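The next part holds the structures, each set out as structure tokens.
One chain, chain A, appears in both complexes that follow, with chain B as partner in the first and chain C in the second.
Up next is the complex of A and B:
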């Protein structure tokens, strides 16, 4: 065709130009090539950012728990310390730093463009040094060596200790440590930890139960007092009964206290003494040692052992040391339960609203306004929902519930302050537009022929919706729920107002009636990230935990989404199928 | 949907030469008009549907045959802004009476649509749907109905081992026969078919046509079709509609050989349409 065109216009050219018309700028634009490239580029950029972000989080999350070697640094001024090197950086020393340096060190810095390097070490021993981390510039270092025998001790309090084991006192015999007693220490340590856990359990569960019963009785008495008045006979009798029960519970309490005291006495007999590199000693109870290992003597198997044990502690344990150590189990659990409750609340609410809007409401101005309002709700800053949740759910609704059902506990609030239930409802409100929009679209996409088929069978409108429209729309509705879930699980700002706290080792689920405590405040991984990274005394120690907690949050959301997607695909196969 | 009393006289008048059923007529349409908003779709249609016979509605696209069919079980109620005038009676009862129960009416009229529209359920649940929405839960009754309806729709042998499979896994022709089974499961009096073969291949079409022939007698069937050979093959009476008017309504054989109206002749011989 191009040949003909060329001939018709009377220009006869040889070679390629007679076969192919020359491309002009207009053709280029018409083909849309630049736009295709731009679109592809934008997609690639987006993917790159996501992959980069995930890689950063996953890498940092994975390496955090790897045991690092410990080095002993001798400074030029004679100072000696031991620590894990954390990171190095270049910095520009001021003239007052440069002045006292040796001429060759000054020359080296000048040759480097005035930049010197320094390294951050985690030195631990906070109780001895008053600092966990320490910078030292390269020109201040006299020597660095990595001697064997140094131990890193993770403790219940005061963070890690870095040094050597000096002596162990088991029962009555104090021993200087020799190589042959390593196994003995490990066995004693296991025993001490077990004892500590037993102690912890008694204090937490058994004494907790006694306190709980006592508190319940007291509340019951208070209720009778409120209902019948303090002068009534009922109250007098109840008071008498209460006194008897209180005496019984006191006896239980004393029995348990005695057990605790005995265990504690055993515990106090077993102590371990460490010494830091400069010989300063520190004696702690053996049971206060969470984990200790000789950092420079670990083989691959030992390293993997420490690594896995740290992960396990992280996933299954409670936090210690202002959340910078220990585990995040309460936060995982809180996030999970809150998201579950969010889904339970948002699904019926959103689906019913959407069904009414789409199927029953007369499509007019009012419905249009309602629809616009719903869409706008999705754009309200989430902290506003937090304020609303606190004001409406916690103070108004919760306050009313307290007055009606928990009057005996006042003035301390039960539902009248932030808690799991109010958090879930606030987030449900936050995410309900997503579910409404998705459901409306899914319902609208149900083929007309299918509704007509149902109606022609003599089904009522409600039956048609219930048996034909809803099942068919279910995958689309699930998509909305998945989106709502992902949004809700990652939301933090409103939760800070309506129930998430820094530390809540009491899970919302426990063995005391009514077993699910929706009024309790809870921990949340998202808030945990913020808290560990930016609110703790020791933000340098918290930094790696930020990545680990982020990794965990991403994995948790991904897992929940994946299971919802599996359900959706199953529904899709079942209800939508392949037409023809 | 609103109803108006005023009925215009329609010109030209319809020409009738209907084959009467042995048991009289089941549906009686008189002076029926229908408007979609301001646009008038049906003009004074008057005709009967004979009990036990197959009545075909033919005509070019947009002539109102589907509209008329859907008016018979009040499917047009779903469309906003529809106005009707005139009367349709099912065994003497006005179906557009304001006291009429639409759901009960639809239970007496099975409907088969242009495209197979099985519900997203098992074969069993699809067929028993009309009974289940009626509140029938008795397993034995449901099972008997499934076998009767599927045998009636000539599908039993093909699906009897897949009753608990999803209906969406059936082939197009099977799905359409399933829809017929569903339409007859509630034991209706009238079967309305809106171009039931238009989405099917010739073999599936032949099966459906055979089936219509078998169902004749048990049910009164009204079938809308674009395919004139099909109308000639399966129906006893044929109504020819054009631009919303019923031009001629008579015995099928005569309609296709010696039609009494020029327009009918032109249409069935393929001169227009």
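Up next is the complex of A and C:
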């Protein structure tokens, strides 16, 4: 083809060598070589960006929980503090910084081109210092040491404490800490934590159940009051019943409270006193210590232990201290359940629509318009769906449901504000075009001969669709669902309007009837990232947590997609096996 | 200044001693004691300045009453009044007092005014990069930096650091502005007090959260921004302020906020729908008690704000008829 073109354009008349040169040039372009390179380059660039992004997130996410050494910094002005070095940077000190410096320090900075270096330390002890990070310039440092014996204490409140263990009080006797008591402290700490967890369980499960029953009874009474009026006999009887039950539940509550009080009294007896590097002391309950380790004495095994236990806490615990510490379990669970519900909602809706559009509807102008609308839906900004979800689902639909079925709870809304159900439906709406388009393509790809064969055997249209078309189109439909899931799980903007909140430790799934609470607000990993990164008090401390949460979100979505792909491949294999 | 007199009068008599760094809590605030029979849902919608504080309060409250269900949502002070009016939330934290229009709307629906609880004190800080040499700014200068209308009386627009007294490298560098979005109470309060109700310049980069303002300033060497003092990090510095040109400059510390010397300090409010003719349900009543307790005010310190005194707590409880 290319030779012909070259010949036709009159190159034959030219000398042999010229012709040769021109022909190679023409060939190069005509063979599409530059385009291949450009396309390949674009692909490489795309992969590079994805790999770079993943590497950044994974690296930062992985190193966050590694225990770092603690150093004691003595400043030239006599100030002493201990902290974990976070990062260093070069800066150009202004004249007002340089003026009070010693001449040799000034000369050193001048020799370095006017640049000095400084390091950020995480000093912790927010309750004592009123700050948790501190910069210090290299020329202000007198000495840096890494003494053994310094502990980093992660606490339930106030963030980390950095210092030494001064004394422990177990039961009645106060003990100065000697080397021999280290194991004893660890054992006592384990016991205290266990007791604290038991306390937590009693409070949450047992007392929670009592309070739940009480609340249910109260609502039932209110319902009778609304239905038959406060003067009716039914209400008077119900009130009597309620009083009896309330008395019973109160007794249960008293009994459990006494148990809790006894555990708490034990808890209060065990305290531990820490001292920071300048000797200021802080006494806290032993059970309020989440984890403590001697940062500079840790061996490899110890480090791995701390690292893994931090990960475990992060994955399995509830958040503490306005989401900056503790774990993200409610957020993981919320993201997971919401995505599942999204799939449950989007699949039938999308598949049925696509089947009708492709198989039943008469292909005319109306269907074309419907198809264009569906495609346009995919281009609507997600926040618009959020506004729609809030206005239509939460306020109109939810408000009506509340008036019809939950009148006894008003004015506090049940379904009338954002919640898990409305979030999933909003996202289902957002992702339904993806499923429709994918299903239509998959259904269209089923050969006509197969349908005709089925019809010729006497199957009805629905039977043909059900037994011939759908199984063959299933892998394509699954691809659409996977795409929808991936899009939905990563979406945050509309969720902020329809049900995701900063703190909702209560899971949408629990032991109380009806077990799954679709009306509850929930936490979401994507929103958690936004919240920790841009809303927390100390953004410096939040930064590493952002990376960890991002890593987790990526892993979660990858896992969900992978399992969907496994299912799809199974289906494909099944189909291949049943082929003629 | 309204706030100055209000804060000054309330705190004037009370001598507060703050140890280096950490805040002290009024010792006459009582520790919180749990009572029985508190359960139910507790939902708060409102200010994002108070978002973390509400969360800390809620966490502390939940530790006392484990079966209480908590939901905290914070997208700006302007979202609090509609949430209270529609009953979607029991608490509406706001970083500014309710406007009269908002109060009217509330009164139209319920027939009584919403109750305000002053939960904490905040000094609104002007943040600059940690290397910034600026020693002091007057409110008029702040106005000329942030506002295009300059109602504070500044005669010239301020666009470079040299115009507020920086020398050397800094003199000709343009000032890059960071601020809050308009749903925020911080935006409204700053506009009212520091801009003298003038308009913001169009070049102010409006951020969705207080922490985002601080991060913007931390990463932009020539930046200036405002947000609650609680969001300060090691990467930014808060600039001392004076109320008038040439007057003494005061740092954003608790003493200066209490005395009213620091010109842009404010109360942080939590609004509640309290029907004066009915007894308040236990969950809300106890939460309010908790906010005013020693533990509640410790949470305030933990979040970087300044605690209120026992006297304010008493006054608020009495005014709102929350305690008999």
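Assume the second predicted complex is superposed on the first by the 550 of 580 C-alpha atoms of A that agree within 3 Å, B and C clash if a C-alpha of one lies under 4 Å from a C-alpha of the other, contacts with A are read in each partner's own complex, and residues count from 1 in each chain.
FYI, contacts are C-beta pairs under 8 Å (C-beta built on N, C-alpha and C of every residue); 3 or more make two chains touch, one makes a residue touch a chain.
The shown structure was predicted, so the numbers you read here are calculated from the model rather than taken from an experiment.
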| item | value |
| --- | --- |
| Fit-or-clash call for chain B and chain C when the two complexes are aligned on chain A | fit |
| First (chain B), second (chain C), both or neither touched by A:455 | first |
| First (chain B), second (chain C), both or neither touched by A:511 | neither |
| In the superposition, chain B vs chain C on chain A residues touched | C |
| Which superposed partner A:468 touches (first chain B, second chain C, both, neither) | first |
| Which superposed partner A:447 touches (first chain B, second chain C, both, neither) | first |
| Computed vertex angle (chain A) for partners chain B and chain C, CA, steps of 10° | 140 |
| Partner chain in contact with A:379 - chain B first, chain C second, else both or neither | neither |
| Partner chain in contact with A:299 - chain B first, chain C second, else both or neither | neither |
| Distance in angstrom between the closest Cα atoms of chain C and chain B, superposition on A | 50 |
| Of all residues in chain C, those that touch chain A in their complex | 21-23, 36-37, 39-41, 43, 48, 51-53, 55-56, 58-59, 62, 66-67, 69-75, 87-88, 90, 130-131, 133, 167-170, 207-212, 214-215, 218, 230-235, 301-304 |
| Chain A-touching residues of chain B, taken from the complex the two chains share | 73, 75, 78, 103-104, 106-107, 109-111, 113-115, 117-121, 129-130, 132-134, 166, 168-169, 172, 179, 182-183, 186, 192 |
| Residue numbers on chain A that touch chain B, as the complex places them | 447, 449-460, 463, 467-468, 471-472, 574-580 |
| Chain C contact footprint on chain A (complex, rising order) | 91-96, 120, 126-131, 133-135, 157-158, 200, 203-204, 207-208, 210-212, 214-215, 250, 253-254, 257, 320-323, 410-413, 416-417, 496, 501-506, 520-521, 533-540, 542 |
